[in-house]
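Common to both upcoming complexes is subunit A, partnered first by subunit B, then by subunit C.
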Partner chain A sequence: MIEILKKTWWKYVTVLILLYVLIGGLLVPLAPGIASIYPINFASDTAVEFTFTGYNTHFQDAKDLQIWFKNGTEFYCADKTETITNEKAKVTFSFPFRNTQKLIGTNFDLVINDNQDGTIHLGDAVTVLPHQPADSTTDSSALKPSCEHAASITKLSHFTFPYREILYQSIRNTFYHVPMWFAMMLILIFSTVYSIRYLNKGNIEDDIIASQAVNVALMFGALGLTTGMFWATYTWGKPWPNDPKLNGAAVGVIIYLAYIVLRGSLTDEIKRAKISAVYNVFAIVIFTLFIFIIPRLTDSLHPGNGGNPAFSKYDMDSHLRLFFYPAVIGWCMLGFWVLSIGVRIKLLELKKSSK
Partner chain B sequence: MLFNTTISLFKKDLLIEFRNKYVIGGIALYVLSSVMVIFFSLNYNESLKELSPVIWGILFWLIILFSSINAIANGFFREPEGRAYYYYYLTSPQAIILSKLLYNFIFTILLISLAFMVFSVMIGDPVSNVPLFFATALLGGTGYSFLFTLMGAIASRAGNNATLVAVLGFPIIIPLLIFITKLTAASIGNSEFTNEAFKNMALLGAFDVMQLMLAYVLFPYIWRD
Partner chain C sequence: MSKIIPFIISLFLSISAAAQGEQTSSNLMRSNLKIYVVVGVLLIIFAGIIVYLLALDSRLKKLEDNSN
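On to the complex of A and B.
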């Protein structure tokens, strides 16, 4: 294993992969989306002018701008559309009374289609309130019922990352925060394998690899916590929401900090190797329990827990995956690179002291 | 063979304990004075009446945590270094660890009983589902004693550093504490066994079994120099 770690070629590969992830992950724009709509509810049987703001959209430049409200499978056409800028438009919209009676209290999605932005969508954009006669500004007989969903849906032509409410640009953190935990976990498993190997064979090199691997894993753990805290501040409102996965990760990091304290308190080389290997095996079991089992028992803000989807179609689209998988591989390889440097330094120190 | 050796080692531990009665007395006094500290700090704030049952459970298990870490972790420190070599020639490490686990388990259960008696006299006894609380005490006591036995064994090899037991043990005790406090809250709230309680009990039991296996497999490596 050390021989492979000493080779140079895979370090060039690591640099290339990480450059690809860093540059691509930061430069690819977000897909167009609808940022907000005002007002968010309206009474039936009235004509209401909605103003909505887009993100990365081209309302003015595009041709065939079409706007619908969608309820279930039915589409309702706007009466009048007026674009103000590329990212702002006004639309007047109304329901006939007879048609909305059954729709009162339900939510409508906003769907926009044009030839530059493709089809964009804001779920549960507006709510229909009961009709109030005083508000009535239009003759209900003049209003159109649901209309044909006429135009063909246009596919977005350029390469983008998905636009998600709450996440917005921070979706790029997927390439940093998530791979940190993958790398940490992989290197910890690697460390445990070498600890078990040490216990079976008693080769001091295995102990050096295991202990250096824990150091590298802790570095990734610290980075994972930091990137996660930035992300949480942006999306969940505070850096440390009371989330079981977060607390589990923190305890996991403390368990491995205790490993370092344990090593520090032992001076005899063989004894240190043996006892810290035993603790390392114990620690990985508890750590797995913390990261994988306890968070699944309770609700969590993280995807994949408490009924939230994990890496399903909803969270990850093919464009994100194109950078996410290389990011996971790249950060793991970087971890092994750092590990190989640490191991080689320790091996040289060992050689020097034994002379 | 293993069973007989374990039992005779267990008897030896018991005998040592009875010869040095001050250790048992010390731990009992530790529990008593910890409860006193809690009692007075609550009583003179006029907050004893407002003590919620869940907080009662948490205080109870924290007292057990601190007294058992003192009692168990020191179990490996007590015998002089030279005697370890004698055992090394005499028995297998499996017998040593099993006898220690058994001994510490019984010790912790006695500790829990004592603490519960003192708690119910001084602070009150809100437990409504006694069988569930009993099961929690049994499973939780097992978890505490097994974990601190192994951590005590590790720390005893690292120069009898008492801080080390806490540093190593506390992060690992947290999942155990989560299940125990959940179960204690369930045993206080209602008198029925819920599905949730059964699930937590099963997880606690699985945690105990896992620790037993890890201790059994890993102890021989710590034992030999």
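On to the complex of A and C.
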């Protein structure tokens, strides 16, 4: 293993993969989306002119611009549509009083379809307020309670990342925050393998590799925690929401910090290697339990928890995958690179002290 | 212990950076569809790797000093 770690070629591969992930992951544009709508509520039985802004959209260039308000499975057509620029349009919408009773207080989604942007969607865009008698000026003959939803859902041909509310551009952190945990897990498994090897063969080199691997894994753990806290501040609202995945990850990192403390407290080399190897094997079991099993038993803000599988079509699309899998491989390889440096320094120290 | 200290320092540095971001640059972070959140995450990763490399460097330096 040390021979492979010393080789240079795979370090160039690491650099190439990480460059691909950094450049591609930052340059690919976001898909079109609806950024905002004004006003965000309207009284029933009034005609209201809504102005909405899109992001990366082509309202003016596109043909067959269609706009609906959607409530549940029902689609309601706008009365009048007017495009101002490619990213701005006005739509007049009214709602007949006789149909509103069950809809007052509910939210309408805004759905837009055109041949350049595909079908885009803003969830819970506007709220229906109760009817105000003074404003009842709408000609009720112009109101269409429900209209047919043309089934021409357009697929995009451009290469883009999905536009998600709340996440927006920070969806790119999928390539930088998430692989930290993948790298940590892989390197911890690697460390456990070497701990078991040490227990079988008693070769001190295996102990050095195992302990250095835990160091690198802790670096990834710290990076995963801090980048996660930073990202959560601006998406979930606070750095540490009470989320089982977060608490589990923190406990997991602390378990491995205890491994370092345990090693530091033992001075006898053989004893240290043996005890820490046994601890390491137990630690990976507890770590797996806290990271993968407990968050799945309850609800979590993280995708892929609370019973639903990760990597579903809602969490990942094929364009994200094209960068996500190389990112995982690249960051793991960077971990092994840093690990190899630590191991080689330790081996030199060992060689010198045994002389 | 020498291995834990850089870990803890990097942890606190980035926590305090994140806490500062909350107060002073909250608008910056939310501007341009939150692209600066990605910039921040990349800076944290860069800083973390540099801190780890500095720790490795100091150990190698100690080894070199002893061999002379």
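Just so we're on the same page, the second predicted complex is superposed on the first by the 290 of 355 C-alpha atoms of A that agree within 3 Å, B and C clash if a C-alpha of one lies under 4 Å from a C-alpha of the other, contacts with A are read in each partner's own complex, and residues count from 1 in each chain.
Here, a residue touches a chain if its C-beta (ideal position, glycine included) is under 8 Å from a C-beta of that chain, and two chains touch if they have at least 3 such contacts.
None of the values given here were measured: they were computed from a predicted structure.
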Superposition on subunit A - do subunit B and subunit C clash or fit: fit
Residue contacts on subunit A - larger count, subunit B or subunit C: C
Arrangement angle, subunit B at one end, subunit C at the other, subunit A at the vertex (C-alpha, nearest 10°): 70
Partner chain in contact with A:176 - subunit B first, subunit C second, else both or neither: second
Contacts of A:282 with subunit B and subunit C, given as first, second, both or neither: first
First (subunit B), second (subunit C), both or neither touched by A:290: first
Touching partner for A:199 - first (subunit B), second (subunit C), both, neither: first
Touching partner for A:261 - first (subunit B), second (subunit C), both, neither: both
First, second, both or neither for A:271, with subunit B first and subunit C second: first
Touching partner for A:27 - first (subunit B), second (subunit C), both, neither: neither
Partner chain in contact with A:4 - subunit B first, subunit C second, else both or neither: neither
Touching partner for A:167 - first (subunit B), second (subunit C), both, neither: second
After fitting on chain A: smallest Cα gap, subunit B-subunit C, Å: 14
Those residues of subunit A which subunit B touches in one complex and subunit C touches in the other: 261
Touching residues on subunit A, where the partner in the complex is subunit C: 22, 26, 30, 55, 167-170, 172-173, 176-177, 180, 215-216, 218-219, 222-223, 225-227, 229-231, 233-235, 239, 257, 260-261, 264, 334, 338, 341-342, 345, 348-349, 352
Complex interface listing, subunit B residues touching subunit A: 150, 154, 157-159, 161, 164, 167-168, 171-172, 174-175, 178, 203, 207, 210, 214, 218, 221-222, 225
Touch list for subunit C against partner subunit A, complex: 1, 3-4, 7, 10-11, 14-15, 17-19, 21-22, 26, 29-30, 32-35, 37-38, 40-42, 44-45, 48-49, 52-53, 56, 59-60, 63, 66-67
In the complex, subunit A residues that touch subunit B: 199, 251, 254-255, 258, 261-262, 265-266, 270-271, 274-275, 277-279, 281-283, 285-286, 289-290, 294, 297
